[in-house]
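Shared between the two complexes below is chain A, which has chain B as its partner in the first and chain C in the second.
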Partner chain A sequence: MQKRPRYGLYAIVALSVLISFFPIVWLILTSFKNTAGIYAWPPQYWPDPFTFENYVSIFTNSPELLRYILNSFIVGVGATAVTLLLGGMAAYALSRLGLRFAGVLMVAILAVSMFPPVSLLPSLFQNFLNFGLLNTYTGLVLAHAGLFLPFTVWMLASYFATLPVEIEEAARMDGMGFLRIFLTIVLPLSWPGFVATGLIVFIFSWNEFPLALVLMTQNAMRTAPVGISLYPGEYAFPWETISTATVLAIIPVLVITAIFQKQIVGGLTAGAGK
Partner chain B sequence: MNRTMNLEQRTALTGIGFVTPTVIVIALILIYPIIQSVVLSFGQSSIDGSEPYRFVGLRHYATLMGDGRFWNALAVTFTFTALSIPLELALGIGLALLMNESFRGKGLARLAVLFPWALPTALNALIWRWMYNSDYGLFNAVALQSGLADRPINFLGDTSLAMASMVVVAVWKTSSFMALIILAGLQSIPRDLFEAGRMDGMTKWQEFTQITLPLLKGPILVALIIRSMDALRTFELPFNLTDGGPVNATESLSLYAYKAIFDFLDFNFGAAVVVVQFLVIFAMSLIYVFALRNKD
Partner chain C sequence: MASVTLNQIGKSYGAVVAVKQFDLEIADGEFLVLLGPSGCGKSTTLRMIAGLESITHGDLLIGGKRVNDTDPKDRGVAMVFQNYALYPHKSVFDNMAMALKLQKTPRAEIAERVNAVADMLGLTPYLERKPAALSGGQRQRVAIGRAIVRTPDVFLFDEPLSNLDAKLRVKMRMELQELHDRLGVTSVYVTHDQVEAMTLADRIVILNGGTVAQIGTPREVYDHPATEFVAGFIGSPAMNFMPAARAGDHWRIEGSDLVLPDAIGLNATDPALTLGVRPEHLEVFAPENAPSGPWVFDARVKLAELLGADALLNLSVMGQPMLARVGGTDFPLAGGRVRVRIDPERLHAFHPETGLAVTSRSPSSGQ
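Showing the complex of A and B:
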């Protein structure tokens, strides 16, 4: 239709992008400043000198910050795997096997997903202490699985609802058991749904704070958000280290979001649309 | 006949088998802890079990009702929610309308807008705390150098500014999430509705208020629910931005509950705080679940 250039639109888009992005840009710029540059007044809008010394120093002086990131990976991957396996089976049963209580269970799952995580802390801390699960990957993976299973079940159930039932019915005619149908037919057919859900759960787990804070009390077991937040506790806030560690800790989620933007957006809006 | 019965029974059994692991994990991690918190809140005990549980009735709740800091935390939580959600909604609708237009570089723009959502809130809070810093922060540099302010603004240390500063971070992070959900609704509105409107000589504004908004009611409700539940539970944002300060001006209910348990080490009183918090949020969530069920 009209070909008039829309400067107004582009101006608003540019402004939105700028507002969304400048804190991250400022963080990255800060990580390339030396200590004098970070505490300079007026602040340096561009690092002078531009230096990699903070990154080098993390690898040589603060390896615990790298350990936090490794912990986040282990917990994130574990929580995603457990959640997809259990949640996938539950979602399949609730959306496909005609259980009489399926509707009630779905609403109940939605309701418990709104529980405030801090309400779980006194009990979880005590039970994890008694069962030796504090400061273990198993413990936090289990806690994150509980936290994110409701979301997973809802998302995958809505995904299964879009698949045709005929193939499964044919397989059942051939005498295949449900577990085999689930593993050999449903899983391969619905991998886009699993990928989207898994990515979102991984991001959720990577970002989760209250449970990771309380259930991992040893410094070496902390996840990235918690470890970086508590890092300054020992002396004055070392922004040069903090900003650099933060950059390293957000790179994984930024990369995942950038590569799988479509799947994540699709998953979030499908999950929310139910 | 016998065969179909068997099949039905087998289906039901398999279904139960498939659902059970999820139900067990949810029961262990989400449901049992709430029940245990209720029990703990009516008694006196120690975290490691060295002091046996002793029933004390409503003592902790009585303390709580007379505790000014608890009422403050409740007020902070509701103020934070009431301030941030309408702003997020307005910006979310604006961003969604923007992303619904076609222009070059749309994919990149959408990605940039999505980034704040993907970052850990705890680290977002740290990034902003650094920009708000009254000695070295970016905002004060810009304000002072441009002449907007003649002395440093203490964004996080001033009781009247700290809440606003915290709301800005929340709005920055989550407006994009609102936008995504509203955008999905926007894209499902049939194009011919707008064409019909244009035939009737509707202005852009009339189109928006009479066609777009009414059809977006569902997605907007969902976005509001998800976001306000999050805002009512907010924890790591004040934890990392202000630690609840200054003088508890940003101490949310979650942060207060955490401090009661792990800073004051008053385990049973802390349990009473989380039970009350749970009841407040659960009441809201029930209202929402029913609102959703009656949506269609």
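Showing the complex of A and C:
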């Protein structure tokens, strides 16, 4: 049967790409404009003059930017590691160990994640203050881990459900205990699931705003989104600094995504069965 | 090597009985097949022996020792799974060596044992490959090799051949047979394929709906099925069944008043019976050549299927569908009129409600 070109479909795809990418493209273009270009009326679409000046001056205008990005990176990596470790083990226990109330627990975990993070802030702040966790990487890593654990448990549990259970049974017959099965069999086999979940958690953590704003009060400990959001002063709105800093803050996420994306391939269990 | 004893073993999930309690003594070196349709409890029974499923009733003894609460790895059993269950991220060598590594066997001994088994199974050229780079038959061989390397007391097979194509299945079946002759290890083998059961088994346990229907040698279950279910399940194509109703001294069968052989007729006390006869025990004649006698019926050929050496005739005998297996040459074609003779000595009789065999003739009569 001859396939008719689906113009309508292409139109919808093009439209959605345009809508979702417009702000980012606008941001990138802005970062290459000079101040006059940014405020020009009618608006300038293509930067004229096209200048790299903002990328040079950003480090004198905002020497803290690299620190912000580093903070975001440390918190993101930490939160991802803690979330995957705890979430992975919890998901495995809930999906495979035949616990009596596994289904109830899964729903309870989901229910916990229904609280808006902002509603947790007062108590979180008070406790972090008491435990001396404000303005520490450990503190924000724990907060983010708590925030994203339900998602992680659900993602990984559904991934584990796709693994043939016989492999784990064979490992039991071979003499492995549950922890060893998890570490040497389940973990390598569900690596794509871990990478995909980890990437999402990392990006969530990178972008997370309210907790990072409240729990990191010292300038040196701020994450990129919070730091950049505080650029506007009382009288000035430094668009060139904001756009340039935002573009720079996106880059680490892009790089990490590019590196790990290749690992999200299916078919890793090929050869286990038929 | 060891014997396996199932002492009133049973499995229930709450009020639901998956396997009704039964006794079974598997002799040292015996090849025992658990046979039945899906959901009959055969895999559950195997998994209870393996230790993958808890035992809710009775005692399981391996080599005379009670192992109900023993870890799978300490039971001296090795299992071959239906979908092979190889470790996909490990080489063939590592797959086969895993159990020995976990037992902290010296490296040199592991290599020696794995190489010996690989050699026996023709896997030597593939030892460094990952399972994904192997064919289905090779994968199944690795799964079997993984079990052999451990030198277990008991082999457990969970439908190991059902993922292979028909030709390979026959080949692997023969290999398994040779392997068992060679190693002589007690084996428990689960299958729903009665051909596998008949060819491999020393004894067959036929399960139906969680209940043991019959335990016996392949010969016994074929010649003397204990229930109507067994009679219909063993043998391919399946046995023909027809109702018989008592009419005084006679039995009314397919519209004729007939006398059943003493062995059946005298034992039966019920007003009705279900009679069974295997397709291979029906004789089909052209009307003009047909012998006369009480056990010869008119029939019409609805469909004739040539299998090669044999042909299957779908018959309508006085309105009752029946299947006959005849020689592959000169058989009547569809639409033809024939006469069918049933040898009354070949009849099986079952109680129409309980399904239990009404008579059992002496084993010597089966041939």
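FYI, the second predicted complex is superposed on the first by the 232 of 274 C-alpha atoms of A that agree within 3 Å, B and C clash if a C-alpha of one lies under 4 Å from a C-alpha of the other, contacts with A are read in each partner's own complex, and residues count from 1 in each chain.
Going forward, a contact is a pair of C-beta atoms (placed from the backbone, for glycine too) under 8 Å apart; a residue touches a chain by one contact, two chains touch by 3 or more.
Predicted, not measured: the structure shown is a model, and the values here were computed from it.
More residues of chain A lie in touch with B than with the remaining chain of the pair chain B and chain C. In the superposed pair of complexes, A:Trp206 makes contact with chain B only, with no contact to chain C. Of the two partner chains placed by superposition, A:Tyr55 touches none, neither chain B nor chain C.
Applying the stated contact rule after C-alpha superposition, one finds that A:Phe73 touches neither chain B nor chain C.
By the touch criterion stated above, A:Ile167 is placed in contact with chain C alone, chain B being left untouched.
Touch criterion not met for A:Tyr137: it reaches neither chain B nor chain C. Of the two partner chains placed by the overlay, only chain C lies in contact with A:Ile185; chain B stays clear of it.
When the two complexes are superposed on chain A, the residues of chain A that touch both chain B and chain C are 268-269, 272-273. For chain C in complex with chain A, the residues that touch the partner chain are 50-52, 72-73, 77-79, 81-89, 98-99, 102-103, 130-134, 136, 139, 146, 163.
Residues 6, 9-10, 12-13, 16-17, 19-21, 23-24, 26-27, 30, 38-43, 86-87, 89-90, 92-94, 97-100, 105, 107, 109-112, 114-127, 129-130, 142-143, 145-147, 149-150, 153, 177-179, 182, 203, 206-207, 209-210, 214, 224-226, 228-229, 239, 242-243, 246, 249-250, 253-254, 256-258, 261, 264-265, 268-269, 272-273 of chain A are the ones that touch chain B when the two sit in their complex. Across the interface of their complex, chain C is touched by residues 164, 166-167, 169-176, 185, 188-189, 268-274 of chain A. Every residue of chain B that touches chain A in the complex is listed here, in rising order: 10-12, 14-19, 21-23, 25-26, 28-34, 36-37, 40, 47-49, 95, 98, 101, 103, 105, 107-116, 118-124, 126-128, 130-131, 135-138, 141, 144-145, 172, 176-177, 180-181, 183-185, 219, 222-223, 226, 229, 232-233, 235-236, 239-240, 254, 257-258, 261-262, 267, 270-271, 274-275, 277-278, 281-282, 284-286, 288-289, 293.
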